[in-house]
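Both complexes shown next keep chain A, but they swap its partner, so chain B is in the first and chain C is in the second.
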Partner chain A sequence: MTRFVLRRIGYYTFVAVVLAFFALPLLWLLTAPFTDTPTYRVEWPDFTFANFATIWEHPYALGSLLNSVILAGGTAVIVVALSALAAYALSRVRIPGRDALLYTLLLLSSIITGTAAMVPLFQLAVTAGLIDSQLGLVLIMTGGLLPAAIFMLKDFMDTTPKSYEESARVFGASPLRIVWDVVVPVVRPGLATIAVWSVANVWGNFLMPYLLLSDVEKQPAAVIMYTLYTEGGSPNLRLLSTFGLLYSVPVVLMYLFVSKKYGFRFHGGIKR
Partner chain B sequence: MIELRSLTKVYPGGVKALDALDLEVRDGEFFALLGPSGCGKTTLLRTIAGLETATSGQVVIGGRDVTNVQPGGRDVAMVFQDYALFPHMDVTDNISYPLRIKKVPRAVRADKAREVGERLGLERLMDRRPGQLSGGQQQRVALARVMATQAQAFLFDEPLSNLDARLRLEARTFLKKLQRELGVTTVFVTHDQAEALAMADRMAVMDAGHIRQIGTPAEVFQRPANTFVAAFIGSTPMNLLDGVVRGDTLEVAGSSVPVPASAAGRLTDGEKIVYGVRPEYLTYSAEPVPGALRGEVVLTESLGASHLVTLEAAGETVQVIVAEGSEPELGDLGHAVPRADRSLVYRDGELV
Partner chain C sequence: MALETSRPDGTKTETPAAPVRSYSTDAAGLGTRRALGFVAPALVLIALFLVFPALWVIVLGLTNYSLTGAAAADPGFVGLDSFVRALGDGRFYNSTWLTFQFVLGSAVIGQAILGFTLAKVLQGRIKPFVEGLVILAWILPGAVVAFLWVALLDRDSGSLNALLGIPGFAWLIDHPMLSIIIFNTWRGTAFSMMLYGAALGNVPPSQLESARLAGASGWQQLRDVIFPHIRGHILTNLLLISLWTFNDFSPFLLTAGGPDGKSEVLAVFVYKVALSGGDLGYGAAVSTVILLINLVVAVFYLRLLRTRR
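Take a look at the complex of A and B:
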């Protein structure tokens, strides 16, 4: 009995330590913005909003968050639209070597947005006149995300019964009509997943916008964060923590929203 | 009217699902495609619907050759085995979806959906989603959706297979009644011979891409055209016994039975045949009767109001239906008297 109790105590102590280890940075992110002179320690906040006022006056901080929204939103819309059509086609049409094609795409995609493709991508953007353009960045990010998105969505499409579409076909619906009326609503949770995943990917991407956008007015939050240093070259913890909090809130809100709205699946209509 | 002319379907990979089928489904008929799984019956239905394209041959619906017409242009409507109701639409939207495709105004669609829904007793379920309906209700929604199309012909793929046993009997009666009232040419696929016999006006028994017999349920049940159909139809399998022609009699399972009237004069002495008679068309007798199959009672199975008695006769098994209350004891010597107009002779698997 005592051994059991001791083991329980040991187990929960261990869990508590691990939790604290991961919770500390988050706690810091929550407290530091409200502290006058934040350090690297988690301290009881002073509940001051002075840091937010400073960020408000920063010439690029708020604009960069808007840029992030534009870039992430634009990429997500294009990725969802294109990957839905591609995944549907790949799932429903028999093409020889389809799986090989998919795996090759997936493999290549992990290279394309990575550091290995940095130089060629930069040159490509310059040649195509897409350098320092948000549209160019959206297209390049879309290209990087599409293969994995198609791969994931195809899995989703494969699990939706074909008889929905066949039924609509017999009623005379055109393929696009079927996609819109039947396929999209049925795979909506999958589309939401892809959208969230795309947004999170673009939101957190530093390398590509840093590389392709030189105009500071066009740069997203991830890049602007990199500039929040004092003249001495050490990180400005007041601005960094405050901006960091503002930077994370939209993503957290998006997760909450999507999981509330799309965190369910339609059931029924197909008798198994 | 649906006409199929030497319809052939070969799947990529060389599997011949349909082999030069000819079939005519008459106007207003309730027609069953019956066969074991893999016989091509579903492929045939899907080819009529246009979901599969024929490799060769023709599909003619209402006098129009629709072989190369898309499913939507064939003026047929189909109920799928899994019903395929759209899970994100309520019953009204599901029923009126075909009309939405045809760009019928919303108000007209809603009226039509309500009208058809009421006819099938769905009026209180119109706002529900398919996930909130029972299996039987889902089936009725699927039927309502098909009725709303006002298509020339209906196609049902295994319409009852997803219902539980009790509901299935109810639905069988309901479907047959509905089809009769609507008078729309309807083809349905089933693997259940009892279902086909009960519902169909006429039926086709299929095997390995071929039609083995076409006829009314009574014809198919009473005079199966070949041993395949004979063995497939009937809730208790037909007795198919090897025999030899001996003049006016047949030597079957160690007994001697008269040559059935239908085969009289068409048999040659000494020829090997298969003698077929259904357990329902045999009368059990404890006393010896001339022209009966004689054997020892080895098994009796209760069928409720009657018993299926198995006799062992010279190494062959003969099954007889015996009314309740008069079932024999195990080990008794029994005599099974065939009904003269219901016993059949098969030569090389085909009816003589």
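Take a look at the complex of A and C:
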């Protein structure tokens, strides 16, 4: 009996410590934006919304969020389109060397990380005039995400039935028409997963835009956030807290959306 | 120049397919040629922006390319000089040692053990709540969570020092490695927690039950029943989180490698040498080493996946 009690006490102590450990850093993001004069310390908020005005007053804050949307959206569109085409072809047609290709893709995407490739990417961007080009950055990030996207989508398409395509073919539909009208609707959940995954990856990416975009007007929220707390002088906590919150909310909403709609299915190695 | 070398195989496959043979065996009647056309655009982007940089880093590492000075205008081939230089560079050794501590401390010990423990012991109504918080720490943007930790650990007015009653304790200055290790444990535990959560579902409850009836202690159940069933998951988990942590750039957001290089893990070292310091050739040589280590870990991981299937 005492052993049982001790175990319960141990369990609740552990849960309490874990809760505190994970909640403590996050609390500030909930309280500071709504506090009149926020400090580093977590305080009971005054429930004011006045701090959000600082975002409108700041020359780059809103623009950077828009830049994040452009970069994430652009990357997601290209990744979904190209990986869907490739994954479909690899799933349905026995292209010679297919398994070796998939294996190589998976290997490449896991070893060529931002850290390993930052020097050549920077040097190439300078040489090719892609510094400060949002399109260049989108293409670079697309190249990085495509292998894993193709791999995940191919797995997904392998499990969808081929019978719809076959019957459409019997009725004389052309292959491209079949892909667009029959395959796309069937694999839509897979496409949505890849889109959300790409957006989340680009939205949080700091290193690549930090390296490749030096024009403040083109930088996404990740870089502006970093600039806000590292530039000289005491940081403007009203701006930092509200901006940080605004920049975080879309990720949380996306997560809630995905886990509600599809259930949070676990993909090993989904995050780079 | 070299950008063009990777293009031929791309354009070759992109040329419009000749009249497709009337009967292709695949479901949609795509045929091999059109299928290659479907794969080509993705492969071109991967070749240009992923494979080529990885090969280019090896070439760069053999030059003395730099951002400024004489070597910027006229970079020369220096062979393995940069690698030899790394062997004698105390800063590189220091950085490698710190990276080892970072991976061992935050990934292997921190994330894996905490993640497993959470997956194993959490139960009841509190479970989804704790899991939600752990996942939140994982999905928030890196720049935001880094600042949250800067605020938490602030020497004079941070919440942690206030809570522990040790005002003036300078975490990021006096204990930078400990700070980034704890930070990365906090940041990345979610992945291990979810992976072990899925893995523990594979352990047959009947075996656990009979072990318990036979009087096995908690530790014995863990060692003799649970671990043998999830060995593959453990290895997968350790390899992946080690790879990610090894390549993680977020310590830069928290300490920027400082003070005095005391938290300068390899990712930050490369950035500082090559991009702040302008020594692209040397930075590329160190990147090549990172790439090779990644390759070893990834090949090991993929072989493991193959044998498990």
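Remarks
The rule we apply is simple: the second predicted complex is superposed on the first by the 219 of 272 C-alpha atoms of A that agree within 3 Å, B and C clash if a C-alpha of one lies under 4 Å from a C-alpha of the other, contacts with A are read in each partner's own complex, and residues count from 1 in each chain.
Convention: a contact is a pair of C-beta atoms (placed from the backbone, for glycine too) under 8 Å apart; a residue touches a chain by one contact, two chains touch by 3 or more.
The structure displayed is predicted, hence computed values, not measured ones.
Once the two complexes are laid over each other on the shared chain, residue contacts for A:Tyr255 go to chain C alone; chain B is not touched. Between chain B and chain C, C contacts the larger number of chain A residues. Of the two partner chains placed around the shared chain by superposition, chain B is the only one that A:Pro185 touches, whereas chain C remains out of contact.
In the superposition on chain A, A:Phe206 makes contact with chain C only, not with chain B. By the document's definition of touching, of the two partners only chain C reaches A:Tyr103; chain B does not. Once chain A of one complex is fitted onto chain A of the other, the partner contacts of A:Ile70 are absent, as it touches neither chain B nor chain C. In the superposed model, A:Ile131 lies in contact with neither chain B nor chain C.
Once the two complexes are laid over each other on the shared chain, residue contacts for A:Val93 go to chain C alone; chain B is not touched. In the superposition on chain A, A:Leu30 makes contact with neither chain B nor chain C. Of the two partner chains, chain B is the only one that A:Val170 touches; chain C does not reach it. Overlap of the chain B and chain C contact sets on chain A: residues 94, 166, 168-169, 182, 266, 268-269, 271-272. Touching chain A in their complex are the following residues of chain B: 12, 49-51, 70-73, 76-78, 80-88, 94, 97-98, 101-102, 129-133, 135, 138, 149, 162.
In the complex of the two chains, the chain A residues touching chain B come out as 94, 161, 163-164, 166-174, 177, 181-182, 185-186, 188, 266-272. Residues of chain A touching chain C in their complex: 11, 14-15, 18-19, 21-29, 32, 39-42, 78, 82-83, 85-86, 88-90, 92-96, 103, 105-124, 128, 139-140, 142-144, 146-147, 150, 162, 165-166, 168-169, 175, 178-179, 182-183, 200, 203-204, 206-207, 211, 221-223, 225-226, 229-230, 240, 244, 247-248, 251-252, 255, 264, 266, 268-269, 271-272.
Within the complex formed with chain A, the residues of chain C that make contact are 3, 20, 24, 26-32, 34-36, 38-39, 41-43, 45-46, 48-54, 56-57, 60, 65, 114, 117-118, 121-122, 126, 129-130, 133-152, 154, 157-160, 162-163, 186, 191, 194-195, 197-198, 236, 240, 243-244, 247-250, 253, 256, 266-267, 270-271, 274-275, 280, 283-284, 287, 290-291, 294-295, 298-299, 301-302.
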